[in-house]
Every structure is written in C-alpha cells, then in structure tokens.
Amino acid sequence: MELDDQEKIIAVINEKFDGEILQTEMLYDFFTITLKKDRIVPIIRHLYDHPDTKFQYLTTMCGIHFPDLNQIAMMYQLHNMVSNLRIRLKIYLPIENPTVPTLTTVFPAANWMERETFDFYGVIFEGHPNLKRILNVEEMTIFPLRKEYPLEDQVREDKNDSMFGR
Amino acid sequence: MDVKEPVTDQFYQAQEKQYSYLNLGPTHPATHGIFQNVLKMDGEVIVEATPTIGYIHRAFEKLAERRPYNQITPITDRMNYCSAPINNIGWHLTVEKLLGIEIPKRVQYLRVIIMELARITDHLICNAVIAVDTGALTGFVYMFQQRELVYEIYEEICGARLTSNVGRIGGFEREWPEKAWEKIHKFLKEFPVVLKEFENLLNRNRIFMDRTINVGGISAEMALSYSFSGVNLRAAGVDYDVRVAKPYSSYEDFKFIIPVGKSGDVYDRFMVRQEEMRQSLSIIKQAIEKLPEGPHHAKVPEFYLPPKEEVYNNMEALIYHFKIVMGETDVPKREVYHCVEGGNGELGFYLISDGGRTPFRLHMRRPCFIYYQAYPEMIKGSMLSDAILTMSSMNVIAGELDA
Amino acid sequence: MEDSTLAQYIPIALMFIVAVGFIVFIMLATHLVGPKRNTQVKLEAFESGIPSIGNARIPFNIKYFLVAILFVLFDVEVIFMYPWAVNFKELGLLGFIEMVLFIVSLLIGFFYIIKKGALTWDD
Amino acid sequence: METLANGIKVGERPEGIEGHGFFATSLEKVVGMARKNSIWPLPFATSCCGIEFMATMGAHYDLARFGSERLSFSPRQADLLMVMGTIAKKMGPVLKQVYEQMAEPRWVLSVGACASSGGIFDTYSVLQGIDRIIPVDVYVPGCPPRPEQIIDGVMKIQRLVETESLRRRDSAEYKAMLNSYGIE
C-alpha cells in the first residue's frame, strides 16, 4: 500500500474525526491505525460510506489482552475489495469495564465475532442483539482467553502436576 | 348464529397459529457435523431457526499461546480436517512472513501442488455430501475412493492420512519420495475420468436440478455483508479469491480461472466446486511441468531442523538443533496477518509475537464461523429438506466452526 | 373326495401358520432372552440428544391429511384393476367396458378434487 | 479355520455336541455368535475421527465385512456406540443422554485419543475422556486412528460380544458399575 493511499485514508478520517487517530504504522502489508475508543463505530461507518475509501468488507475482528498495560485491545480488519486495500483499526479498552458499541449496525457479520470476543474476553458490546456466550458452556463464569486463567481445566484429578514435574 | 357463515371459520380464527419445534440437533445424520438448530416449523416450512454451536470447542487460540511455533502446526490441521495441508502451509507462511524467511522457488511450487491436492479433496467430500443429501448415494462411494488415492499421496509425503502436519517452517521435512510422484501422476490420469462420471451422474440430472436450483440462495450484497469468502461468495457472483487478490507461494506464476456463479444457490455452489477441482488439476499439471530444481527447504537453521550429520559435526547446528527441539527459539517482537485460500474461504492467521518462545496472541480467521451466521437467514421460509441441503452445500466443518 | 377342495388349502394354511408362528416365536424369544433396562431417561423421547421442547401433537395443515387420504383412495382403485389385468383376455370386450366405466367414475372424482383445489400445495 | 473339501473356509463354530445331521450347543454361544456378526453401530462422529470413520465405511476398508453394514443414527436400534472425535464439556450431557437411551445390551467403543483421554486438547473446554461420564468397553488409540485400527477395535468388541453371558446385564456388579456413573 503506497504512501498516497495511507495519506488518503488519514485525510478521510481527519475530515470528520480530527484528533481521533493516536498512531499509524505500516506492519508488513497492513496499514494499522490506533484510534481513541469512543468513536470507533462512526469512524468505521464513515470509512464504509466515503467514496475515496469504501471499506465495505469486514475481514475479521478479535480482542487482545495486555495484562501489563491492564487493557484489552479490540482489532478490526477492513477490506476494500475493489481496490484491494486492507487496513487494521485498533482501540484499547480499560480492563475494569471494557465496553464498545456494537458493529452489527454496519456489518451483520460482526454478530458472532462480537459474541466470540465477549465469550473469550468479556468485552461488553452495547446494543448487540443477543450477547451471550457462543462457544463455551453458558454456565461458565470466567473469561478463559484472559492471560491470568490457566489453559488446563482445574477440575481434573488424574493429570496432577507432579506427573509432569511441575 | 348466522347460518350462512360456515362455523369452521370462527373456530379457525379463534385458534392462534401453533408451531412445532424440531431439533436438528448435535447428533443428527443430516448435519454432517456437530451443530444444533432449533427449527420453528409451520408444517413443513421453516419459520425461524436458532443455531447453537460450540459443541467441540477446543480452545485452539488459548492452546496456541502455550505452544512453540513449530508445535502449533498439529493444531492447525485439526481445524479444517478435510483439507489439512492448506491449514498447515497457511500457518507456515504466516510465521515465515513474520520472520522474513526467503523460501526457495522449488518449495513454493511443491507447496502449491499439495495445497491444490488438498483443495480437491475438500471439494470432493463437499460435493459428494451434496449428492448424498439429494439421494444420490453411489456418488459418495466413488468420490471417497478418489480421496483414498490422495490419502496415499499424503502418506508418501508426510506419513499421515488425514491430519497431515505437512512441512516445517521454511520448507518440507524431506524431499518428496519417487513413489509420491508416481502416485500423483496416477491420480492426475485417473481422477478426471471419475470426475466426468460423477458429473454425468448429477449435472444435468432432472431430480438433482429440481432439488438444488434456487434453493438456499444468497444475494451478493447479503453475502458480502455477512463477510462470506471462498466458494460460497464466488457462487453468489463475487470473484474474490485470495490466490488472485493477494498471491502467496508463487501462485502468480500459474494461469487458472476463478469460476463464479450467478444466484448463489446450492446448484451454483456445486458447479463452482466442480469447476474449481478441474482448475486445481490444471494448476498441479502446470506446477509439475515448471518445477525448478533446488533444495527442499530454506537455509535458515535457527528455525529449520539442521540435518543429523551437521548436528554431530559442527557446534552451531547442535545449538540450533537443541533450541528448536526444546522450543526455545526466540521470535522477534512483531505483528502480522496472513491469509490463505482455504477449502471453504479465506483462512487468516493474525499473529502477535512478544519475543518469547510462544505466540503472544494467535487469532484464526475461520471462514466457517463467519459465514454460518447467515444460515438462519438463508433457510427462512424454505422446506426442511432444503435446509439440510443448504447446510451441506455451505461446507460447514465443525472443527473449524468452533475452533 | 368331497373334502378335496378343502384339502387343497391345507398347504396354504400350513405355510400361513409357519409364517405367523415364526414371527411370534422370534418376538417372544427376543423379549424373554434379551436384557431390558427401562429407566425413566430411556423412555423419554429421543431428539438428537437434547431434551425435546414443544409438543409434537399440534394441529397441522389440512393439506397433508388430504393428500394422504386421496392417495389411499386411488391406490385402492388400482388394486381393483389387478384381477382384471391378470385375466384380461378371458373377460373380453364386456370386461373391458366394465373396467372403463369403473375408471371413468373415479376420474370424475379426480376432476372434482382438482377443481375443489384439494391438491394445491403452496397456498 | 478349517476348509471344506471344495476349499471354502468355514468360520470357527462354537464348540458343542455334533452328530449326524445335528449340532447342539448352549443358547449363550448361539446368541453370542449371532450378535457378534450383526452389530449395528451408532457413529457418534464429532470431528476428524469422523472423517476417518467415513474412510472405514468406504469401499476400501469396508466395515461392512464385519456385519455392521447398517448404521443406526438413533440410539433405539443401536448396539455399539462408537464415540469418534473430541467431546467438549458442552457435549457431555448429550453423549450421556444418547448412551442412556440405547437399547440393552450396549457396548461403547471410544475411537481416537480425544474421546479416550482428551488427546492433545488438554484445555478448559474439553472433557478429558468419555469414561468420565459413560462406561467404555474398548479404547482405540491414534489421532486419528487408521481405519485398520478402528476395525481392530470393532473386532475386539466382537470378541466381547461373543463371550458375554446372557445374564451379565442383570447381575449386581453390572448395576453397581452403572450406578457409579450415575446411570441407574
């Protein structure tokens, strides 16, 4: 993605949301923009509609837990199929109450992706049609993908750690 | 009571409409996998479907955070187990992109050959299952026999039949044995004949066409809004294929067309897969003709296990060998996303490494998980038998659905 | 040999008894020999492993019932044609006319059904 | 395996008193032999082992040679519950329900490392082995096991079926074993 494309995208964002961009960098072939957390959906809607950018395909979305920063990052990847451009938007949420407005208004595909992120990281998506756990058992209380929870399930009795020299 | 007005009408309006609930549940022969749909039915017609998934959720993403980089390959081929080599090589391409390893041309061509073989087997099983769901049971047995031939090719190359764990970061673990080439040539000669037979059985078959044409269709806009990718998107009319949009592993050297459907129904998906199998065959032939000479792995000993005689003779190889086997190789602190054209869509790996021995975060873009959301939309108002046909034509694989 | 006509039927009766007897014997034997464990869970309805919701006995559309009954009706009509078809030659022209009358009377019923709209499926 | 005059090999028959034109043996042996060669499997196929089971049922390896041609997807007519693939915790109650609704006498074949012990997925969401919730008769190792291994597992089940006494299912220790799993 050449330089002028990057400027164009930054210009489009700054046109209506000046000061929202915290940092932009070029990671391999992905233009990554880190934004403030509260106006993410209007920005994505703006990128969706704007004739210069027209990012109308949500490739994927996931959460990332940074224990040392005490934050949960949300990563959205958008794709403009006509001009084959891909960008990645990142926002950082405090771990106490990670809440983000839902993206299902713009992309219906975000429905299950958000439910999965809620299931793994506990990020609350305001306005989501039915925000429930999708992959895990409903009665599960912890958010398993967070770093502080162990990988193995704790109720097993046969594989105690002495066997593995831990 | 007014005699002229028939009594039944009042009785009929008085009763509000009752629906029956059918459980297309986890253990159901028609779902070809483990997902559950509670169907709200009015007689035979489906009014509403509420899916429930996660019945074989195995926490791949958490598991990947505890394993060194070359030990994650066995996990990836348990995602879409119908075409395991594509997942493995997709993962290896991601790590090589992160490390910036330069892959020799020969390895890229070998990878293209085994990925196209895997694509053929994936489409084989899906088309055979569509045939089974419309009642043509014999098609499945013949198609599965072809899959056995490809299993034998996998055995020659990497020892395993289904979960192949093929290749390493940087190339293949050994040069492909002579027997593997023999079997590939035999497969290339035999398979088109059987594929032609299977097509004559089904393509212009009156029953098959009536059962599949404009059943479970989806428009291009709706497919894009639900982030479809792969065969289901191409059947809806959008010609997006990762091998052409973002060529990887020297796909740009080969000439192949992308079959595109019109109305996105089951018949289009079936035909797109049939044509893609033929395109894969032509890619394999081109790759075999233009196969360059050269090593079967890149010169990067700190990630690719050095050969044994080197390990015994010089010191660096011994250190590299020890670090790789103990999984202590440190990876620079970077973030990368790489996507591959999998059996049923764009299979992406979003990898963040924090310099340690295991990935900090690995998110897998699983095409099944994303496009299966549209299933309740697609079967609203259709008959029950069409709903089962739509599900098998979308090639939803449970392992990839709830990773 | 006055009971000869009756005697002819003994083999058929024997074959009938053996058939029915075999079925009864097998059912009884498996019932007695086979182990049984009628627990409460086992007697519940099996719905793909999930406790079933809703109730199956609800009023459903009349068209399903109509199609079934009409099939039975016309199937019985076909059964009457078998004896006629077997000795088609002996019955000659008279038998043929009788059968045509029989079929025409049922065809009238068929047109009535079509006009009445009993067979329209997607309302 | 004795061969007749015209070269046809005869399967091993249960021992019994043999005379001119008759053969007498205990009812148990006859019922055992009948059951052994007509097992109806319930393929509880969840993930990769399910695809390997398709290969076993395919023309190349053909499980039908051992008498289990007819798969029964409803537990009512199933004799052998073949659990193939990973069983997550969400799937546990479903498996227990299917097992309890199977008609007696019933056997369980746990195919693959995931079903037998959770396999490589030692994670928070996977049931570490189905013998935590239902009694298992034969375990088949492998991830996924080759079709020959699955067939070997079915042959071991056949040996169990043949030598099982008719009154085992009503005996006290069988009931105690079931109660230990919470199945009455």
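For reference, chains read A, B, C and D in written order, and residue numbers begin at 1 within each chain.
Operating definition for what follows: a contact is a pair of C-beta atoms (placed from the backbone, for glycine too) under 8 Å apart; a residue touches a chain by one contact, two chains touch by 3 or more.
Owing to the predicted nature of the structure, the values given are computational and were not obtained by experimental measurement.
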* If you tally the C-beta contacts, which comes out ahead, B-D or B-C? -> B-D
* **Chain centroid nearest the full-protein CA centroid** => B
* Taking each chain's centre as its mean C-alpha position, how far apart are chain A and chain C in Å? -> 62
* Asked: Using CA atom averages as chain centres, what separation in Å is found between chain B and chain D?
  -> 31
* Could you put a whole-Å number on the gap between the CA centroids of chain B and chain C? => 47
* To do: Indicate the whole-number Å distance between the mean C-alpha point of chain A and the mean C-alpha point of chain B.
  => 24
* Touching two or more other chains - residues of chain A -> 135-137, 144, 151
* **chain D, residues touching no fewer than two other chains** => 90, 94, 98, 123-126
* Asked: Which chain C residues sit where two or more other chains touch them?
  -> 48-50
* Which word fits how the chains touch one another: line, ring, star, complete or other? -> other
* Structure fact -> Those chain pairs meeting the touch criterion are A-B, A-D, B-C, B-D, C-D
* Interface residues, chain D side, partner chain C - complex -> 27, 31, 74-76, 93-95, 97-98, 100-101, 104-105, 166-167, 169-170, 183-184
* Asked: How about chain C: which of its residues touch chain D in the complex?
  -> 33-37, 39, 41-42, 44, 46, 48-51
* To do: Provide the residue numbers of chain B that touch chain C in the complex, in ascending order.
  => 15, 18-21, 23-28, 36, 38, 42-43
* Asked: Which residues of chain C touch chain B in the complex?
  -> 47-50, 52-56, 58-61, 64
* Asked: Can you name the residues of chain B that touch chain A in the complex?
  -> 53-54, 57, 59, 61-63, 65-66, 97, 224-227, 238, 240, 245-246, 334-337, 339, 346, 348, 350, 352, 361, 363, 365, 369-370, 372-374, 402
